[in-house]
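Two complexes, one shared chain (chain A), two partners (chain B, chain C).
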Partner chain A sequence: MKCRVCREPAVIDVRRHNANFCRDHFLRLCRDQVAKAIEDFEMIAPGERVLVAVSGGKDSLALWDILLDLGYEADGLVLGLGIGDYSDTSTAHTVAYAEAKGAKLQRIDLREAYDIDVPTAAHATRRVPCSACGLTKRHLFDEVARDGGYDVLVTGHNLDDEAAVLFGNVLRWQTDYLARQLPVLPAGDGFPRKAKPLVRLAERETAAYCVLQGIDYVVEECPMAAGNRHLGYKEALDSVERSSAGTKHAFYFGFLQRAADLFAAGVAEGQGKADLGRCARCGAPSTAEVCTFCRLVERSAGAEPVALRPRGGR
Partner chain B sequence: MKCRVCREPAVIDVRRHNANFCRDHFLRLCRDQVAKAIEDFEMIAPGERVLVAVSGGKDSLALWDILLDLGYEADGLVLGLGIGDYSDTSTAHTVAYAEAKGAKLQRIDLREAYDIDVPTAAHATRRVPCSACGLTKRHLFDEVARDGGYDVLVTGHNLDDEAAVLFGNVLRWQTDYLARQLPVLPAGDGFPRKAKPLVRLAERETAAYCVLQGIDYVVEECPMAAGNRHLGYKEALDSVERSSAGTKHAFYFGFLQRAADLFAAGVAEGQGKADLGRCARCGAPSTAEVCTFCRLVERSAGAEPVALRPRGGR
Partner chain C sequence: MKVLLRNPRREVEVAGPISIVAMLDRLGFHRDQVLVIRGDTLVPGDAMLDDDEEVEVRPVISGGAR
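Let's look at the complex of A and B:
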């Protein structure tokens, strides 16, 4: 097994590209794929300030590392979600990375800042944990990007993630979600521009990137996500990818090239955009008087903390 | 486990409907679902003559049986495809069913009528077997329907089939196929109307229907289809259906309700319809001077017959 570029011994095969790579050329491949995504979809202009949503997992740490390597001014933001050891370990990996690189990292601990944590908030508001977690992350990432004057907020969604989300949206033909499932969403209405520069990399590749770069990341999946639908969609697509390498790439990029516009046009025709006001508590863009996050905090702060209860254990 | 309708002991559970059924009420459910599909999609008007494409498998025999039971004038057409024992057994089951019901069955044996068989034709024309088989079936079903003055040609595609085809078309975003993947296609350009009255039944249900009705059918899958992509798509969807019953139904009918029109509009905008002439050999509608089937016959007839070579054995 030889590197496609230099013919030295390879350390990884990438079936989708029908090629093997040595360490250095694999790392270069990863950087090139991120640079290509940023350029193709106009995610970040030269000189713009970037906020990276970091979880401490392979994807967000690889993304941060590649952006710094490509010369972007990229600061990190990590949230203490309060999901037991999982959150502690995730934050520790993030802090260690930032210190080693001398990169700027902002931290918000939910318990310190809002007197909540994800398991307790999910329980108090009768939401599934992934829903409470998702809305919390979106709210705080948006807020920090806005308040910090960042030009763009980037997240570590990789090709497997995006293909699985697309699959879920297609299975239910959620045409409104399909109209917005793009690798970059423009700024507007008080929200920062949002981009997913890892859409050209599979999760196996971001994991290999971290290993080869010596970046420690949290290997476990979130214990609250076990058994959720998204993982089922990933497995279904994995089975097709195994017998036909490149299926996920063709699925996701074929969607962008040939179908996304059809859904965008369908939605534009069907409904006008709701006018966004501002949350009376925090000032975030909101259709209601008080935004969803502030309501979550109101209903959860001070509630008896609940023990971790993974989905699988129900 | 009790029947949802009469509370007598049930013989089958249908998770998608979250219900169990006794023999009689399950058979009624199957008939009702076919009748509903025919009505909802205006597949067959009262008094119209129906040609059923029969393979000898569970789906087409169940379809034929239900249509006769619903009072339609439904004749069968079975093709001798020359795929070894599989074809012989399939035809034998079909003939036995027709004789037992006193139903009218037409038979075309490819070797007798055209001096070809599917394995030989696939080999001679360097097509994958499923491609040679598919074009042969489409051509001959269309021809018999046209020459016999039938109003509609019906096929036994069930919900699992249609969901798997839809999944394949979506994975590659084949927008032209998506624009035409409908349960009924109107007659036109020399083609008969085509309909799929089983789209509301899963293949497990058509199998149970045949068993409960005492209809013998060929149980084996076609040996040439083993390992093809379509079966891989079915397995991927099956894995999602197992954890979330009703997924396939929502996927297929959601497509018809919320997405099919978008693709149809996209295609209509993009291209005019090619004018169809008539094949110089057989008179079938064709964009070329000689239609694909006649060219297949020309290149295959008289060729040394090839032994059966299942895909898996390559």
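Let's look at the complex of A and C:
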């Protein structure tokens, strides 16, 4: 295999581009794809402050690395979710990366800050773990971005993630979600601008980027996510992609180009939230007197910590 | 040849020399779902692996609800 650019020996094939790349040209491809996404969707303007939601996985660490390499002022935020060794390892990888790069990293440990963890909160509120985890992350990422004066919050959602979410939303015709499934959402109603600069990269590419850059990331899957619906959608799309490379890209970007506006037309401006007030506890945007996160904390804090149980073990 | 697998972490022996595609097929993987890593770099899909080599086959899928 030869690199498409320089004809030197290649280290990776990217079937959806029908091309092979050497290390240096693959890394350049990744940076170019992120830069193109940022430009095409007007995600980050020059000089803006960026908060990167970092998990310690391949996507968020690759994203942080690429943004720093592209010259953005990008700080990291990692949450200690309390999901056993998985969370400890994830945080350790994030801290190690930040120290090696001299990058600014903020840390919030749920147990220290709120006396909760994801398994206990999920149990106390009768939510599935991914739901409790997701709402906690969204709340704290928004809060830190807002209070820290960041212009934009970026997450490591890649092409596979977005195609899988789109697939699920289409299967169930979740029109409200389809209206908001965009690579960038404007700031409004107390929410920061949110962007997904990895939408032009598949997850095999972000993993390869980390390996070739020498970035250690948590390879293990979250023990509470195994078997969830999102992973099932990914597997279904993988099956199609194998017989027709490029299908995921065509599905997602075809949606953005031809269909997203049709769904967005029915949604209000900004983040699409009507009659938003402020949470009486934390001041976050909320449709209720007390926001969902504060209610989760109130029901979970002080509860007997539950043992880590994989999804399906309840 | 020693092959490190992940999730869960384990090690298996595969007789070499063998092509990457044949090795992945024998282990039940599709090449789009994994990376084959040797040392600090990736092994391309058309490479042959000798019997005395050590490689890692790393899955790339990830994600719960985010």
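Quick note on the criterion: the second predicted complex is superposed on the first by the 303 of 314 C-alpha atoms of A that agree within 3 Å, B and C clash if a C-alpha of one lies under 4 Å from a C-alpha of the other, contacts with A are read in each partner's own complex, and residues count from 1 in each chain.
Rule of thumb we're sticking to: a contact is a pair of C-beta atoms (placed from the backbone, for glycine too) under 8 Å apart; a residue touches a chain by one contact, two chains touch by 3 or more.
These figures come from a predicted structure and were not determined experimentally.
Visitor: With both complexes overlaid on chain A, does A:V240 touch chain B (first), chain C (second), both or neither?
Guide: The first partner, chain B, only.
Visitor: Is A:D13 touching the first partner chain B, the second partner chain C, both, or neither of them?
Guide: A:D13: touches chain C, not chain B.
Visitor: Output check: A:E112 vs chain B and chain C. Expected answer is one of first, second, both, neither. What do you get?
Guide: Neither partner.
Visitor: Contacts for A:T175 in the overlay, against chain B (first) and chain C (second): which applies, first, second, both or neither?
Guide: So A:T175 only meets chain B here.
Visitor: When the two structures are overlaid on chain A, which partner does A:E220 contact: first (chain B), second (chain C), both, or neither?
Guide: It touches chain C, and chain B stays clear.
Visitor: Name the chain, either chain B or chain C, that contacts more residues of chain A.
Guide: C
Visitor: For A:E289 in the superposed arrangement: first (chain B), second (chain C), both or neither?
Guide: Once the two structures are laid over each other on A, A:E289 reaches no partner at all.
Visitor: So, A:E99: does it touch chain B (first), chain C (second), both, or neither?
Guide: In the superposed model, A:E99 contacts neither chain B nor chain C.
Visitor: Per the definitions at the top, what is the overlap between the chain A residues touching chain B and those touching chain C?
Guide: In chain A, positions 235 sit in both the chain B and chain C interfaces.
Visitor: What residues on chain A touch chain C, complex-wise?
Guide: Spelled out, the residues of chain A in touch with chain C are 1, 9-13, 15, 20, 23, 57-59, 129-131, 133-134, 137, 155, 157, 160-161, 164, 203-204, 207-208, 211-212, 214, 219-222, 224-225, 228, 230-231, 234-235, 238, 241-242.
Visitor: Quick one: in the complex, what on chain C touches chain A?
Guide: 6-7, 9, 30, 32-33, 35, 37, 40-46, 58-66
Visitor: Considering the complex alone, what residue numbers of chain B touch chain A?
Guide: 170-173, 175, 229, 232-233, 235-237, 239-240, 243-244, 247, 250-251, 254-255, 257-259, 262-263, 265-266
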